[in-house]
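For reference, chains read A, B, C and D in written order, and residue numbers begin at 1 within each chain.
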Amino acid sequence: MESLGNIILYFVVALVIIVCSVLTVTTRQILRSATYLLFVLFATAIIYFQMDYPFLGAVQIAVYAGGIVVLFVFAILLTHQPGKDAQRIDSTRRILGAVAALLGVAACGFGLFSYANFCGRQLAEAHSWSIEEIGKFLLSTDKFGYLLPFEAVSVLLLACIIGGVVIARRR
Amino acid sequence: MPLSYTIAVIAIPLFMFFFLGLAGVKMGRKLTGWLGVIGMLITTILAYGVALTYFFGTGQGQLAADGARQAVVVFNPDWLSFTKELVVRMGIMLDPIAAMMLIVITTVSMMVHLYSIGYMSDHHGHAEKGYQRYYAFLALFTFSMLGLVVATNLFQIFIFFEMVGVSSYLLIGFYYQSPAAVHASKKAFIVTRLADLFFLLGILILSYYTGTFDFDKLVFGANGANSLEVAQSAISTAGGATFLGCSVTAWALTFIFIGGAGKSAMYPLHIWLPDAMEGPTPVSALIHAATMVVAGVFLVARLFPLYVIEQGAMEIICVVGAFTAFYAAAIACVQSDIKRALAFSTISQIAFMMTSLAVSSADGGLIEIHGGHGLGYMASMFHLFTHAMFKALLFLCAGAIIHAVHSNENSDMHGLHKFMPITSFAFLIGCLAIAGIPPFAGFWSKDEILVACYSKGIGWGIWMSMVAGMTAFYMFRIYFLIFHWKKHEVHTEHAPADQPWTMTLPLIILGLISIIAGFAPAAKLLGWDGKDLHTQLNWTVAGTSVLIACVGIGLAFKMYYKENELPDKLQARFSGLWEAAYRRFYMDELYQFITHKVIFQGICKPIAMFDRGIIDGFFNLLAAATGRAAYGIRRLQNGSIQSYVYVYLVGALALALVTMVCVLI
Amino acid sequence: MMEIFSNILIYFVIVPVLTLLGLALCNNKGIKAIRTVAVVGATALVVLAIYLVYLFLQARGSGDTSEMILRSDVLWYAPFNVKLALGVDGISVVMILLSAFIVFAGVFASWKMNPLPKQFFMWFFLLSTGVFGFFISIDLFTMFMFYEVALIPMYLLIGVWGSGSKNYSAMKLTLMLMGGSAFLMLGLIGIYFHSAADGNLTMNVLEIAKNNAIPHNWQLWLFPLTFVGFGVLGAMFPFHTWSPDGHASAPTAVSMLHAGVLMKLGGYGCFRVAIYLMPFAANELAWIFLTLTGISIVYGAFSACVQTDLKYINAYSSVSHCGMVLFAILMFNTTAMTGAVLQMLSHGLMTALFFALIGMIYGRTHTRDIRDMGGMMHIMPYLGVGYVLAGLASLGLPGLSGFVAEMTIFVGSFEHTDVFRRVLTIAATCSIVITAVYILRVVGKLLFGEVQDEHHRQLTDATWEERLSTATLIVSVAIIGCFPNFFVNIISDSFLPVVKALGTMI
Amino acid sequence: MNLTLLMYLVPSLIMFGCGVYGFLTRKNMIAIMISLELMLNSVDLNFVVFNRYLFPGQMDGMFFTLFAIAIAAAETAVALAIIINVFRVARKVDINELIKLKF
């Protein structure tokens, strides 16, 4: 049995996620869209905290909410063209997209609910991983060690940095 | 003289061809000409030596045990082995007709070589351009023709048939910058080539069934002379195989005759010969009057025993020959171009020879030949000999006239007797000889031909006599038109005159030969089985034929000696007939239609279009279809990420659906 | 492994490769050095080829009656039993001789090749490597490999150094020949998997023929595949259309080598692989291919009659003549097959000569349309005489090679007792008349008659290297024409095994 | 009332559906990127939730999410850099108008 606070928190977060997701893709103002995305990301971070993954939640807020959304906003402002924002999406495109998305959701939902037993699992008690442990795991080569992906991601990031420099360089 | 010297007779012209052809360019023009003449002179002397040794000498295997004059093979190496048995050999064989041909070819060729020194020069005695080429080709032709007559097997004859054809092509097209000459040479080659195709087929069939090309297996008997028994057994090896109701050997022999007919300008393959007159006149004398055109006759004579056995083929030859003789004579009567008239006269005379060969038939016992015991064969060969001499004479005279007046047309000549007396006399001798007036050469040979024809049937005899009369008429028509008719009007600064000695000497020599050649002991030497024929003059036939000839001459005299209205009146009266004969009964137009309209436009063009359009088009279509398909597929790769997502989504949903269905079932 | 270098045959591959490497070392601008290397390479090949003939005659003279001489086997790739198997019989010997002479003449014909002479000669020698490699190998895999090596350079040689619509032609030629290769490869793989009854699969032609293990129903599939595969290269109707365009666009030496040698690969392969290995199917299906090749002969000749481009005329003439090769090969008797090889020799030399002369004329007049030319004999007598000789060889003048080859084919074909083949033979013989028509038409229009274009009067006659190139070919043509028995003796015995094998099928 | 696995998956699913919808309908490239982020986020969430509910003793899902966030950040940064560059050159951000490099 969960604590009531947890449950209320869950409903609030779920509501925020659902509403803001819908708003993100339906609003015509792209800056608003970025803002709604920020709310969604925050809400997700809250779920991570709720799941006892505080580090992950922190990363989510720092990287996503703090980094990516800011990048989006910059990009939006840089490419801002007055009068182009409010362009209407024509209805066939919208309907087609909606149908496709709904079909996808329906298919997945059907899957979800047909495995309701499995999905109805309760939250079990778990060890809350400290940041120190996470750091050790990241840099270890033992079981549950993630050194290789870590290095791979670092190389990727390096490539992205170089790519970014190359792209941004004035010709 | 050893008979093996024949090799030299063949080899010298071949050497001269290469020598003059390759080294001649570096030498002076006159020098090459005289070198050619000297080479030919040596060849002629050797050829005479060899031929006379063959005819009159003994001890070199000329005479078989039974006294027949047999074929002597002096040289016969393998050249190309098709199979173990079927081998083409390049040999040299002397028999009566080969020896006789050696004399004919070298004599005429010698005269032409000498004559050309003068003819191929302009009025100042400067040699024409291409002199070296001319003499090289003459040597090549002489070589080919000599190789043809001494052939030991059918295939060798075919090979040299081709060679003389090419030499003839090259010489007709000697003035290669004149379109008419090029056209004529092309026509000559292609028509004879068509005939050679049949010759080849004939050889293929005959060699397949008899298993050999060699004459000593096909026609020569144990005594080395023509033998009907051997021919009979050669034919019987075919085992009575038939095709379309006729025996295969009859087909083969007919095809071979067609090959000969092409070279010998028998109707309907005669059309190339008149056009061939575009070549230099000495060439016409050598190739298209005396030697190459009788190759067909020679061929039939070579296979004479086979033809005698296969009477079907023989009948065809007879009919073709008789018709051609008349047909060509009729056309010759109206031609205005001196060389063409002579060309048709040649066709007619060769047809005489053919007919004469073809009137023979064998009795059941194969011992003797009907038709005066092979008289036709002898007469034909004899006529070949005499005709070569007087026709060469006539052509060389014509050359002298053309050289003097620079025209081929009768209308530019007229009344030349005063200007060119030697030429005039020489031409007259030639005309008398061809008309068959005794004692000139033509009388003796033509008389025997007529006798042979009468012995086949009275109708054949009358027909041929009539043609003989026409011969006399048209020859004297030409003679009178050129040398008399009316006074000559001198147009150019040079009055026509007898030509330099190099051109006149051959006329005199040939004129003398034309007078005396008739007394050659042909019956003794040219019997079909190598034996003496013991003929004597049939005065009934001879008398009539002389009478007919005189009538012809008289008619020509009446019409053409003095300028008068009669020819024009007759022409107007029978204008249709005259026009048809003048246009050679439209045979050329017919051929033109067949080659250009039917073959060129009707077959070649559509095939070429089919090739470009359908076949090539198909492959291009294949390529285009592949390209189109590629373009079509490329449309899917449109770069719009959203459509990719749609496609992806559809795929994913489909997969999900499939999974679900599978799970449910 | 090393003992293969004691086999003279391998040098037919090594010499062109060395020449190629030597060329690679040359300076791009040093045209003299490039020419020297190319001439040395080509001459070495000619010397080798003549020596090979000598060796062959010596071997046969000393009573060596084995099917192939100078055999050597080196294992190359064990899993598929691929060997570098070398060996020659009379047919390959004369084909090698032919190739060497044409390469030699080709080098001189492309003396003034421009631009990129070095690269041109390199590709040229790569092509020769393929050709020689094909003729010396008796292993299906190496044969196919060298076959491809010979085909691919053609694309660049035409695409880069060609004229006219060269891209189209190069693409068409390569694609069609590659299409043929695709069929061929299927066929070869099929043969490989049925090469032995006991499971010891082999690629060696001689062993496959000895095993004679290909099941009859498989033969019926594999024979058409291989025959068509090689037949495409042999310009068999209806797969001949690459030939006119390809030849028209190719540079002189490439046309020479292509028509002279490469098309012979087709005929040789048809015999060596298709008929030799699958006698049963050859007997069963001969009528189809006889009909096609018979059509080729007459069809090519008729098409040539109305063409106006010199190279098209010769390309169609090649279709006709190469059709004759395949036609004769399908006659299954020694005489006709010998004739086929003679025809390959004859056509190779003669067509090479034709293309060399056409290239030289084109290089001067810059047109190949016979309607725009005339009286060339007057302007360039040497080339004119050469052209007439080539023409006469083509239409079968005795004393030149064409006559010998055609007559051997006709006599051999007519030997066959089958009425169908006889009728086809008669139809094929008609081509000699049509050949005369188109040859004389060209000679009459191009060389004789009046000069059509006054500018042509200034043109010069052949230079020394052109004379050398053409004279080599003319003399070769004349030698075959005058002494055919020399070649017949080399060739004809090589057909005995296959004729025997075919004989047991009837 | 318990918070079951399903209860977390449903919002995630809706978030994903919205991402798909946005991706398919928007024309502005940045808006498309935003939709992409939505989808990524939804997947991250799933990883975490599944990890937490099904294998509470392990942390693979968390690490996956961690890396995914890092990669997503990099990807977004590069993508936006490209978009801005394209905009600088073409003055357009509408993907339907950017067809110069097509084919």
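We adopt the following convention: contacts are C-beta pairs under 8 Å (C-beta built on N, C-alpha and C of every residue); 3 or more make two chains touch, one makes a residue touch a chain.
These numbers were taken from a predicted model, which means no experiment stands behind them.
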item: Chain occupying the middle, per Cα centroid; value: C
item: Remotest chain, chain B as reference, centres from CA atoms; value: A
item: Distance between chain centroids, defined by C-alpha means - chain A, chain C (Å); value: 71
item: Rounded Å distance between chain B and chain D, as computed from the means of their C-alpha atoms; value: 97
item: Inter-centroid spacing, chain B versus chain A (mean Cα positions, whole Å); value: 103
item: Gap in Å, rounded to a whole number, between the CA centres of chain D and chain C; value: 65
item: Multi-partner residues of chain A (at least 2 other chains); value: 96, 100, 104
item: Where chain D touches two or more other chains at once, by residue number; value: 20, 24
item: Shared-contact residues (touching 2 or more other chains) in chain C; value: none
item: Pairs of chains, among all present, that meet the touch criterion; value: A-B, A-D, B-C, B-D
item: Interfacial residue positions of chain D with respect to chain A in the complex; value: 1-22, 24-28, 30-31, 33-35, 37-38, 41, 44-45, 48-49, 52-54, 56-60, 62-63, 65-67, 69-78, 80-85, 87, 91, 93-94
item: Interfacial residue positions of chain A with respect to chain B in the complex; value: 96, 100, 103-104, 107, 110-111
item: For the chain D and chain B complex, residues of the former touching the latter; value: 20, 23-24, 32, 95-96, 99, 101-103
item: Residues of chain B that touch chain A when the two form their complex; value: 646, 649, 652-653, 656-657, 660
item: Contact set on chain B toward chain C in their complex; value: 78-83, 86, 88, 155, 159-160, 162-163, 166, 169, 173, 176-177, 179, 181-183, 185-186, 189-190, 193-194, 196-197, 200-201, 204-205, 207-208, 599-600, 603-605, 607-608, 611, 615-616, 618-619, 623
